[in-house]
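Chain naming follows the written order as A, B, C, D and E, and within any one chain the residues start at number 1.
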Amino acid sequence: MKLTVDNMTLERGGEPIVSGIGFELAAGEALVITGENGSGKSTALRGMAGLLPLASGSVKLADETGKPFEGPVREYCHYLGHQNAMKSGLTVHDNLDFWRRFNGHPHLAVEEALEEVDLLHTADLPFHYLSAGQKRRVAIARLLVSDRPVWILDEPTSGLDAPSVATFTGLVKAFAESGGILVAATHLDLGINATRRLEFAA
Amino acid sequence: MLALLSRDIRLSLHSNGGSLTGLLFFLAVISVFPFAIGPDNALLSTLAPAILWIGALLASLLDLDRLFAQDREDGSLDILVMQTHPLALTMFVKALAHWLVTGLPLVLATPVFGIMLNLSFQGILATAGTLLVGTPAIAFIGTAGAAVAVRLPRGGMLISVLVLPLVIPVLIFGISAIRGALEETAPFTAPLLFLCAVTLFTSVLGPLAAAIMLRHSAD
Amino acid sequence: MTTMTADTQKISGVWSLANPGRFMGFANRAVPVMGTVAILLLLLGLYLSFNAPEDYQQGYTVLIMFIHVPAAWLAMMTYTIMAISAIGTIVWRHPMADVSLRSAAPLGAVFTFLALATGSLWGKPMWGTWWEWDARMTSVLILLIIYLGLIALSKAFEEPAEAAQPVAIMTLTGFVIIPVIKFSVDWWNTLHQPASVSRFDRPAMSAEFLYPLLVMAAAYMAIFFTLHIMTMRNEVLARRIRSIKRQAARRNSSKATLLHEDEA
Amino acid sequence: MLALLSRDIRLSLHSNGGSLTGLLFFLAVISVFPFAIGPDNALLSTLAPAILWIGALLASLLDLDRLFAQDREDGSLDILVMQTHPLALTMFVKALAHWLVTGLPLVLATPVFGIMLNLSFQGILATAGTLLVGTPAIAFIGTAGAAVAVRLPRGGMLISVLVLPLVIPVLIFGISAIRGALEETAPFTAPLLFLCAVTLFTSVLGPLAAAIMLRHSAD
Amino acid sequence: MKLTVDNMTLERGGEPIVSGIGFELAAGEALVITGENGSGKSTALRGMAGLLPLASGSVKLADETGKPFEGPVREYCHYLGHQNAMKSGLTVHDNLDFWRRFNGHPHLAVEEALEEVDLLHTADLPFHYLSAGQKRRVAIARLLVSDRPVWILDEPTSGLDAPSVATFTGLVKAFAESGGILVAATHLDLGINATRRLEFAA
């Protein structure tokens, strides 16, 4: 599997924010994007996830033989943005269960995923009862309940305490070892020894 | 998709205090009219179809803009949009869930409300029927309107400007059909068929427009 | 003073101990006694009602009165009890006041519905319509809406402790409807042509109707208080279960304690 | 406080569709009744004050739940609540802003809608006058209702259900004042004064209740 | 000036989350609260800011002579929560200007405050155009536009890039030197040498 981003340019409000970015990631590789606030990290990630139309360039996913995957790339991606994509009225379990069923390709059971982020005991609490960091950890558990070969993560560890960051690093490593492709934007050290590093200048 | 349907239904049942609230809202709207118009039974029964339809419209409007706004704010919309499911289908399901929670209970409760408004048996039947056929159209049109508005900074304005004028014909066909059912001189089949056509038409076009809007107005 | 101490210390932590405990003891003893009294009164009331003379105007349908009128009274009394409980919640923040309010609401709604339904049933033979938008019927309908609104409001909150204040304030506000139900017939007339309203202004009842009615009213009241204590008991238990569940769910988070404090 | 007033007005004009929503809903209500009644101009003009009042009442409900919900979600409410200003005053200003955007335009548009409904000049004057005096009361009561539901994720319909029974007196006095203005036999001054009293009363009590609610429902 | 928190207990959903906390901070002192996700840091801060009723204990503010300040403590506090308290539809300038006028006790002008967080060039952009970190920096600028002797900050640097964290540290130091009292919850190093440190255990 190979993710190819070629000459990607993204515009916002008619102005180019990210211009002419290109890289190639093979299975098991990770790319960490760093850069100042407002330098376009989130914009770039949204472009890759298909959430923002490309002004030019392309994002492609192909298998080892170079045969492109069927359908748009976004269908193979997990995207974790600044928001957690959870409903405050539903319980933690119901939230994850919904995404598990809606996204398809089920992977871990909800309980197992919660166990991974060490929040199994909160399964039956309404989501809005959780603290900021616990909410983020539930959002990370969403990546585990369905199976996607590409993870696109925007400041995944914001609000996490030190032990949770370590847990997260472990999850990401396991994902990479299983052949996944990771792209993450961050200001903090994720503890991943990324094979690639991209620095944006404002 | 079933997951989405049940989630959306659960969410609106949950957070609005159950389907009870919807019915209660209608009851409250209906009981306001006699205060304004006077306790004149004959007059009330003439106005009953309009009252019920206005209640339905209002109930649909009250929740419409939140159809996507909340999904957008909490980031769910991004994930909904990224999936393999055809986006128009996702939109259709969201509209359906909205209707099941706000529209259907009203249709089912029409007999009770009809009696209170002194509506004849035939009038009740006609009102319930047109509401059953017509309210989904409001939901579908509303979905498109809500989708247009979701990404735009000043979306609220657009929602009402777009949705209300489109919905007024639905109201008018519905009420004309009821009048047709109750009076010899007025036509019945024509407005009802129009209403059916509008609903079928919007059930395709509404979700499709919503999907296109969401894809193209990504930010 | 720059203190921000809460008015009382027992917002909700203490309540699960002393007070509700004593209440539960009381409830367990009171319910059988009151239940028996209620059934006996009801039997007596029904017996008297069926032996009441036929009304020359209304025939047998007057029987409905013995069901209808006490139900209407209870609908108003229950709301009054809720309003008093609401004061308890607002002023003293006593959790049992909230329990009382919330357990009374469904009962009040049922009595109100009963009054509406029997009134409506009575209306058909008397006036020829099931429903009439006259002062009393409409205001009782609004009472029903208020009851149901309060129930919906209290259900909408996840946490009973959070619902207490909003529900209490809404209950107090809604109390306006009680005098309206009682006296509004005249106000309404200033608005609209008097249609069938006059029927309500009957002269004082004769004794053969009054006694069965009063006994029935007493029976209704006994039923209400029995059910109220029972539902309160349920509510207390439900809250205990809820808090036990919550605690279990939080086994390794929750309690925060001061670990250390050092000077740097 | 002026800052809050201008901010709230600007915000709802910008993003809630503000005045246009209400006016369009008004239009929907008004265009529906002729179809229910049939082409009876006399009846329509008799009903016109009632229709206008109901329209205004229901239109005021449309935006109510957004009065606090957005402030809560983006954290502004916390900061608003912490300030030296009496909280009740803050609530009063929010209610006022809401009325200026949703209520006042309806009053100003009454002449146009009145003409559409075949209302006499005097009727238009009376309706606009009572609406001018009465609609603020709806906003003040609504503010209290919105504060009750502020913690609920989607309080929309619930707020309307809670508020509707409370605004009925406003409606009654408004309508009876109009009747007084149009008919010889009916009193005019008494209901109008009542209406003023209700508005003044709620302008104090509504914001006060809202303030108490917000203080006690902190989380 | 002296902030005294005495035996403060806070409940959520009827259960004590923070119990019996007490400390004293003099003018110019800073307290940093750390602890795992869900250990009650945000809860404690909301209690101090008067946004959550105290189940027991007290929070007091007094001058050097021990005379308590008039009015509730919350009126002397700036609170920066997980949310930014800005309206997405208004421009950055209008947002700050609103708070400046509404909060009273004006301090820096809006432009000066924006200059401090290095965002003057965004003054006329609608708030929702900003990137996550820029938004947070505008929220920090809110602390500067009006004058309050106590700052209560909940993870103030979440989403900030390294230079912005340094800027923030500078602002906080200047605030402490001018005699302010600071209470902050964080997982990251704020660069402040806090005189007090409170660690919560879950």
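A few points about this structure:
FYI, contacts are C-beta pairs under 8 Å (C-beta built on N, C-alpha and C of every residue); 3 or more make two chains touch, one makes a residue touch a chain.
In this text the structure is predicted, and so the values were computed from the model without any measurement.
Two chain pairs are in question, C-D and D-E; the one with more C-beta pairs in contact is D-E. These two copies of the sequence, chain B and chain D, are related by a rotation of 175 degrees on CA atoms, to the nearest 5.
With respect to chain B, maximal separation of chain centres occurs for E (centres as means of Cα atoms).
With respect to chain A, maximal separation of chain centres occurs for C (centres as means of Cα atoms).
Put simply, the C-alpha centre of chain B and that of chain D have 23 angstrom between them.
As a whole-number value, the distance joining the C-alpha centres of chain B and chain E reads 45 Å. Between the Cα centres of chain A and chain E there is a gap of 30 Å. Across the assembly, chain D contributes 14-15, 73, 152-155, 158, 161, 164-165, 168, 172, 175, 216, 219 as residues in contact with two or more other chains. Among the residues of chain A, those touching two or more other chains are numbered 12, 82, 88-89, 129, 134.
Contacts with at least two other chains are made by residues 142, 145, 148-149, 152-153, 156, 158, 162, 191, 246, 250, 252-253 of chain C.
Here chain B touches chain C in the complex through residues 15-18, 20-21, 24, 27-28, 31, 34-35, 38-41, 44, 115-116, 118, going by the rule given at the top. On the chain C side of its complex with chain B, the touching residues are 129-134, 138, 141-142, 145, 148-149, 151-153, 155-156, 191-193, 195. The residues of chain D lying in touch with chain C in their complex are 144, 148-149, 151-152, 155, 158, 161-162, 164-166, 168, 172, 175-176, 179, 187, 209, 212-213, 216-217, 219.
Residues of chain E that touch chain A in their complex: 12-13, 35-39, 41-42, 82, 129-134, 137, 155, 158-164, 187-188.
Chain D meets chain E in the complex at residues 1-4, 7, 10-11, 14-15, 70, 73-76, 78-85, 216, 218-219.
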